[in-house]
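Dumping the structure here so I can ask a few things about it.
Order of writing sets the labels: A, B, C and D. Residues in every chain begin at 1.
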């Protein structure tokens, strides 16, 4: 199982029946592959759709039905469409139960930076700031480290996405919870020890007596 | 021609082709009777409809299609419906070209009072405050005097509907304009002299050299 | 979304609850829910509704049964009982402009802190409120409005909870369906998933908590 | 509403105009209008659009032709030309959160003074903005946004100007159709009055100033 699959499978376990879920681009998009249809989760695409389905068969795409990246998607029976003010009313108003986003850094107090590297990458924040400010539960799905450097840092030095802390971070090495404003190691990835996680984590983590392995 | 018909006929002349028009209850409602269909005016009912038509034939009413007073109406071809946030977005946003409202008092600077008599009548302002604040042009349609007392006063002593002055007042005796923040007598009703208007008007009116009669 | 009986749905509402009720002069109001609220004698209600309807109709029934202690509305002129109860201080009434009413509820549902509106500036409505200048123009800061329950009436509901409304019965129902902790819906027709086209859904299914089974009413 | 040709419609737009353009990554964008803006070389434009699309698509064409001087958007990461023009200071770019973008335009169209949003509090976005506390919670005051022209793409337009949108091409089109002095529309299908049911109209006819004749494009 590669790093992305570990992350996506573990995040999928966080979704509850009937949840309204918004998945960001990149690893978060993969989460949908591991969610059972029995769960009856609603996926929102912030460009104006609830009820996104899989990529349509070739020749069945419609140019007016795309995801937030402009790629063709399908709509499941019971889907609905709406304008952008409504879409972000749903997001900001706390109607989205779970959002899953990528990250550049998450710090010890749960602050996320994921939209800008000053002097280098300034694409714009798109919907990320609203999602982190408004969704009931914010889950960050990202690699634990990039080029050997921990992405779980003491304090973000990149511009924050929101002053509101995230709920959970799922990486290829660990699950870290941010309840009560402190970072707690909840699980490790299969075959990864607590010591290995601590060695590549810059932020201090609270470590309970028992840290189980992810069940994937 | 009775007083109400004089007022309604004269107000109808103020509407231009394609205007979006909101008519209040009472005399303003009668205005629709004197507007030619050729004018292609759109009538808005603030409970959520553009394209109101005449009262339907008996037996053809629908309980979910009413005016703002809860009375059955019809919808013309090309009508559209919307929620209340949209309805007042249209009103507050200046998309309504003309609103016609009843009045208790209008004063020399064009301020309207039409929603409350302290200690006596406190029904609530409904949509009146938004209409006076937001419509492009506000026309007051009312009797010139009530029980011998002028309703065109020096200064309103009843609570104002809006700090924004109205555009025009049409009564059974006169048409009074409020451009440039002052009250100017524009027209008199058929058979009524300027002197008769002045005699029952508390507010000072500017009177041009020529004051024509209404052409009804 | 869960399908429930009228009895079950109304039993969830405690005395003293804040409830938003859709409708405009009783049009688009969930009448069956209100009948059951009266039958179960839910009292001391904080009612948020555009108007007080008329005696015997819509929320007028709640005034007939003197179940309302607080009312936020835009107009109560056509319900003499509501007027009497206001004048006798049995109901504390907050009358606000209709556009402000709609927008405050929308703000409550959309996570906004409030509304900056020109409506009411320089009138009695401005009393006790913050006035904020933006680009030299004055606006009233009107706060967001939410409730514990929204009682909503739709024309069509599908098995997932997607809602569509008919004609002038839409009014405040869609904004209220976003602004309450628990959303309870009656519908004229409950239809299979897919019958309402995606572009014609007005209230997305995830907003709806309970739909009243039609066999029950 | 008046039916006009592409040439006539675009000829009304002066150089230096502010224009809102509907669409999200080019989906729901009035492509024919943009092609004509490029053909008529309307320059120094202040563009208000969710994103910069991609080169050759949607508003991306305006960057290909270097017609944009100012851009208000939420994301430009998928258009390298727009990024280059921003970094070379050829285009002044204001990047704002997408929900704030939608709501500021809506405020512009609905006569509100601005928006009180929690989004952006405590981030770079808050710099230079007023922060307002409501019930102890901080919100940013984001001002209303309007333009001289809105270029809107609908799925259906009727002869009066009523509009309906399809699937994810709705996005910013309805709010923009309320927030500009002049609203110009292209539609996939122009249909007789009555073909769009009243409950399915999203943009009421009186909001639309011009519809591009389909024979012309």
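In the analysis below, a contact is a pair of C-beta atoms (placed from the backbone, for glycine too) under 8 Å apart; a residue touches a chain by one contact, two chains touch by 3 or more.
This structure is a prediction, so every number in the text was calculated from the model and none was measured.
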- Among the other chains, which touch chain A and chain D together? C
- Item | Centre distance in Å when chain A and chain C are each reduced to the mean of their C-alpha atoms | 34
- Compute the distance, rounded to whole Å, between the mean C-alpha positions of chain C and chain D. 32
- Message: Report the inter-centroid distance (CA atoms only) between chain B and chain C in whole Å.
- Response: 29
- Note on the structure: Among all residues of chain A, those touching at least two other chains are 49, 75, 81-82, 88-89, 91-92, 133-134
- Task: Find every residue in chain D that makes contact with two or more other chains and list them.
- Result: 103, 106, 110-112, 117-118, 165-167, 170, 198-199
- Message: Can you tell me, using the touch rule above, whether these chains form a line, ring, star, complete graph or other shape?
- Response: other
- A full list of chain pairs that touch reads A-C, A-D, B-C, B-D, C-D
- Item | Sites on chain A touched by chain D in the complex | 45-49, 62-66, 68-70, 75, 81-85, 87-89, 91-92, 116, 121-130, 133-134, 159-163
- Message: Under the stated contact criterion, what part of chain A meets chain C in this complex?
- Response: 18, 20, 42, 49-51, 75, 77-82, 88-95, 97, 133-134
- Report the residues of chain C in contact with chain D in the complex, numbered from low to high. 103, 107, 110-118, 132, 134-135, 137, 139, 141, 143-144, 164-167, 170, 198-200
- Of all residues in chain D, which touch chain A in the complex? 24-28, 50-51, 53-54, 73-78, 83, 86, 95-103, 105-106, 117-125, 155, 165-175, 202
- Provide the residue numbers of chain D that touch chain B in the complex, in ascending order. 1, 106, 109-112, 158-160, 162, 178, 193-194, 196, 198-199, 201, 204-207
